[in-house]
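Below is one structure; the comments refer to it alone.
Lettered A, B and C in written order, each chain numbered from 1.
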Amino acid sequence: MEFTARQIAETLNGKVEGNPDVVVSSLSKIEEGKPGTLTFLANPKYTHYIYETRASVVVVNENFHPDRKIAHTLIRVKDSHTAFAELLNMYQKTKGKKTGISEKASVDPSCKTGKDVYIGDFVVIGKNTVIGDRTLIYPNTVIGDNCKIGDDTCLYASVILYDETVIGKRCTLHSGVIIGGDGFGFAPQEDKNYKKVPQIGNVILEDRVEIGANTTIDRATLGSTIIRKGVKLDNHIQIAHNVEIGENTVIAAQTGISGSTKIGKNCMIGGQAGFAGHLVIGNDVKISAQSGVGRNIPDGTFYEGSPAFPLRDFQRSFIHFRRLDSIVKRIDELEKRLK
Amino acid sequence: MEFTARQIAETLNGKVEGNPDVVVSSLSKIEEGKPGTLTFLANPKYTHYIYETRASVVVVNENFHPDRKIAHTLIRVKDSHTAFAELLNMYQKTKGKKTGISEKASVDPSCKTGKDVYIGDFVVIGKNTVIGDRTLIYPNTVIGDNCKIGDDTCLYASVILYDETVIGKRCTLHSGVIIGGDGFGFAPQEDKNYKKVPQIGNVILEDRVEIGANTTIDRATLGSTIIRKGVKLDNHIQIAHNVEIGENTVIAAQTGISGSTKIGKNCMIGGQAGFAGHLVIGNDVKISAQSGVGRNIPDGTFYEGSPAFPLRDFQRSFIHFRRLDSIVKRIDELEKRLK
Amino acid sequence: MEFTARQIAETLNGKVEGNPDVVVSSLSKIEEGKPGTLTFLANPKYTHYIYETRASVVVVNENFHPDRKIAHTLIRVKDSHTAFAELLNMYQKTKGKKTGISEKASVDPSCKTGKDVYIGDFVVIGKNTVIGDRTLIYPNTVIGDNCKIGDDTCLYASVILYDETVIGKRCTLHSGVIIGGDGFGFAPQEDKNYKKVPQIGNVILEDRVEIGANTTIDRATLGSTIIRKGVKLDNHIQIAHNVEIGENTVIAAQTGISGSTKIGKNCMIGGQAGFAGHLVIGNDVKISAQSGVGRNIPDGTFYEGSPAFPLRDFQRSFIHFRRLDSIVKRIDELEKRLK
């Protein structure tokens, strides 16, 4: 399919700068742009590529001011990142969607499946489970008894849902995601053995949740582990029993949240961060990668360190940590002078 | 099913305080307790909820002293955490157990399966593998050749056991657990390529081991990687080749143990901790979350930090690290005064 | 099978010291050596075992100088680690290889499979996918549409390849590896929701790549996430979208690389390390375990810390950090004296 810059600008509600009749047929990265492709500039780190790229059209923010002349056509939009996401979306939709229930799947007769679902080969679905309309379940995924999955949700290959898991609408679970395994609960005994605390709760994912490959979310001991609407979890994340994660919070890869911790709305949490159990983290909180959070955190703050404390304080301390050798030499010097 | 406080107290060997005839029919969390439910108080952090909870009965430790009057019935027991685990256990047993071998499983004819086993759909079991009595193997799990699995063990969906894996009695392996993948062993060559060191050992899990979702345990290069009886591993843990973990040691999520390290008995290891290879860690050792252990650790000690050193020392250093900016200002001041 | 020390020395191109006619029939670890077995000494930490081991033959480096008399036969070779890997290799080859396509697999008719492939039970292979000669695909692995897998590659049980994944020759992917899941890309909206950025690129693995259990590699937003030839990745590693990893770089378990970061050739990266996005890491770089890399790193350097800085500087700072309490006491003392 071929489009002119003008046609794309109309779709994106943007303004063309340069030749509006130039034709593109695919998408490219700005640093690898080729003639006949459209690319975009969103991350300021990549600004220098706009002068070199061989792409024919570049989507930029409306307030972008080039330092030099640019040969190719620009399309100015309010938010180039979102605009490009729209184009990628249009491109992806041309691929089409799978439908139909494989004869090689094992779906319990008590299971209710919605309209136009896809259920792949060797999928197993347990008793009394309900699958929404247009939901996609890729091969080798295993869904337990008494689960509910909403409309327009996608479970990629080899996802595991334990019994009683509830998943909302328009969610995406990538391969290897495991929802509803037992929380890590053991009562220490006098003979130093541990006695398992059975975990009889479940996991609830609200609407529009996306979960990355191999992430695990444990079922609650009692009640529910809850992931609120719009939450985005990256790969290899560990969510323990009875955790609750607030709306639109995003968490980067390999982070772990210990049992019963509540995380607020609209938080941004870096990768490889860790949270102790039974904490309350506010709304709009930011946590740097690799931080270790051991205390409650108020709304709207930014923490770093292991253990974590406010970012500014951490940065000040860390600057001195890097120079600790010269600081100690200053003390040596002071002691010498005082002798 | 309905029980009176008196009946439950008898089961738990506890004493009723308040109305012994109040009836409960399910279990609840103390902060979400509803009339007609039974809850418990074990974590002191949650003590304030006992004055607010709407649960009808609360199981508490025998030495619990309320500050105020409590309206609902208490059951005093020696250890409320263990008592509650028992109740959860009784509740869970009412669910019943799966049995029978699915016709959709692929079990090699040379495999020996015990009495009353459950083998789910699309399970694959290799040659000469032995499965104990009453053992449960959920769908899509793959077990290699020459494995041995003891009685009353449970492998949830999509567990992978490589050839020659040995698993004891009463173990639980959650979904995504991978036992017996190759250890990470490569010999550097002069041309900067690496030559694979074949890993011809195996993995042995003794009795009553529980392993969380997506945890991996690599086979030994030679001999065995060994997890001793009663060990509890959380989710996303990495156990490298030839590691040995002592009896009743518990390890929290996302921790990694490098090759050939031996960990003692009754240790408690926090989440996201890391251990270098070829170390000897004593018995009764505690390691804080996110610590990086690079040296042998003696019995009965508590370490923190990356690299880790004794906890008290770490805490003292860390207090000063947080205030490093003001410490440096004191040095500035001293230098000024000396001029 | 039995071999004399002389026969093994000939195979390894080594020199016998002691009785060349002693016979061995299996391999052992030096600390667990038994009569009739052959072992090796490579790690200097294990040198003391050579005086105690009951193994009949020990393979050592040609420059090894014992402190005391050694009773058993030695075989001196250029590099004992590589020599032992060769012996393990020979031992492993006696096990034989699987071949044949299971009738229980679901292979799309448009898929092209090479000579002597093995495709296990409940494997799913999508449309237009090409599988090379002698490639092994273990049970319950799922391969998407339009994938290419080279000759002599091995995918263990329950590996997931999303559509368009390209894998070279002589690669090994362990169980639970997930290649080609969506990169973690979301554009923030004014209403605090996030809009998914579709990920339409793919993942390319060149030849001789080995990937450990449960490691994930995300597809590129556009273009390809690329793992160059000879790269070795341990278990539980996270490789984000558009990352590139240079030839013969080795990465230990649980490390994470954020989006668009490029890592050079011949690097050695410790476990649980993290890399921010959009970085350029040079060739021959070493990174300590648990480091957090937030900046570009030049060729041939060694970094540690979170955030990471040059190793020597880190070590100097860390020595003082451990003693920070006594350093602050020295400042207290100076202030007292000045009063």
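One rule holds for everything that comes next: a residue touches a chain if its C-beta (ideal position, glycine included) is under 8 Å from a C-beta of that chain, and two chains touch if they have at least 3 such contacts.
Since the structure is predicted, the reported quantities are computational estimates derived from the model, not experimental observations.
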Chains contacting each of subunit A and subunit B, listed by label: C
I'd like the angle of the rotation relating subunit A and subunit C after CA superposition, in degrees, nearest 5. 120
Could you classify the subunit B-subunit C contact as same or different, where same means more than half of all interface residue numbers appear on both copies? different
Whole-angstrom distance, CA centroid of subunit B to CA centroid of subunit C, is 26
Residues touching two or more other chains, restricted to subunit A: which are they? 122, 140, 158, 176, 214, 236, 254, 272, 290, 306, 321, 327, 331, 334, 338
What residues on subunit A touch subunit B, complex-wise? 106, 122, 124, 140, 142, 158, 160, 162, 176, 178, 181-182, 184-187, 189, 192-200, 214, 216, 218, 221-223, 236, 238, 240, 242, 254, 256, 258, 272, 274, 276, 278, 290, 292, 306-307, 309, 313, 316-317, 320-321, 327, 330-331, 334, 337-338
As the complex stands, subunit B meets subunit A at residues 27-29, 32, 43, 45, 79, 81-82, 84-85, 88-89, 91-92, 102, 104, 120-122, 138-140, 156-158, 172, 174-176, 208, 210, 212-214, 230, 232, 234-236, 247-248, 250, 252-254, 265-266, 271-272, 289-290, 306, 318, 321-325, 327-328, 331, 334-335, 338
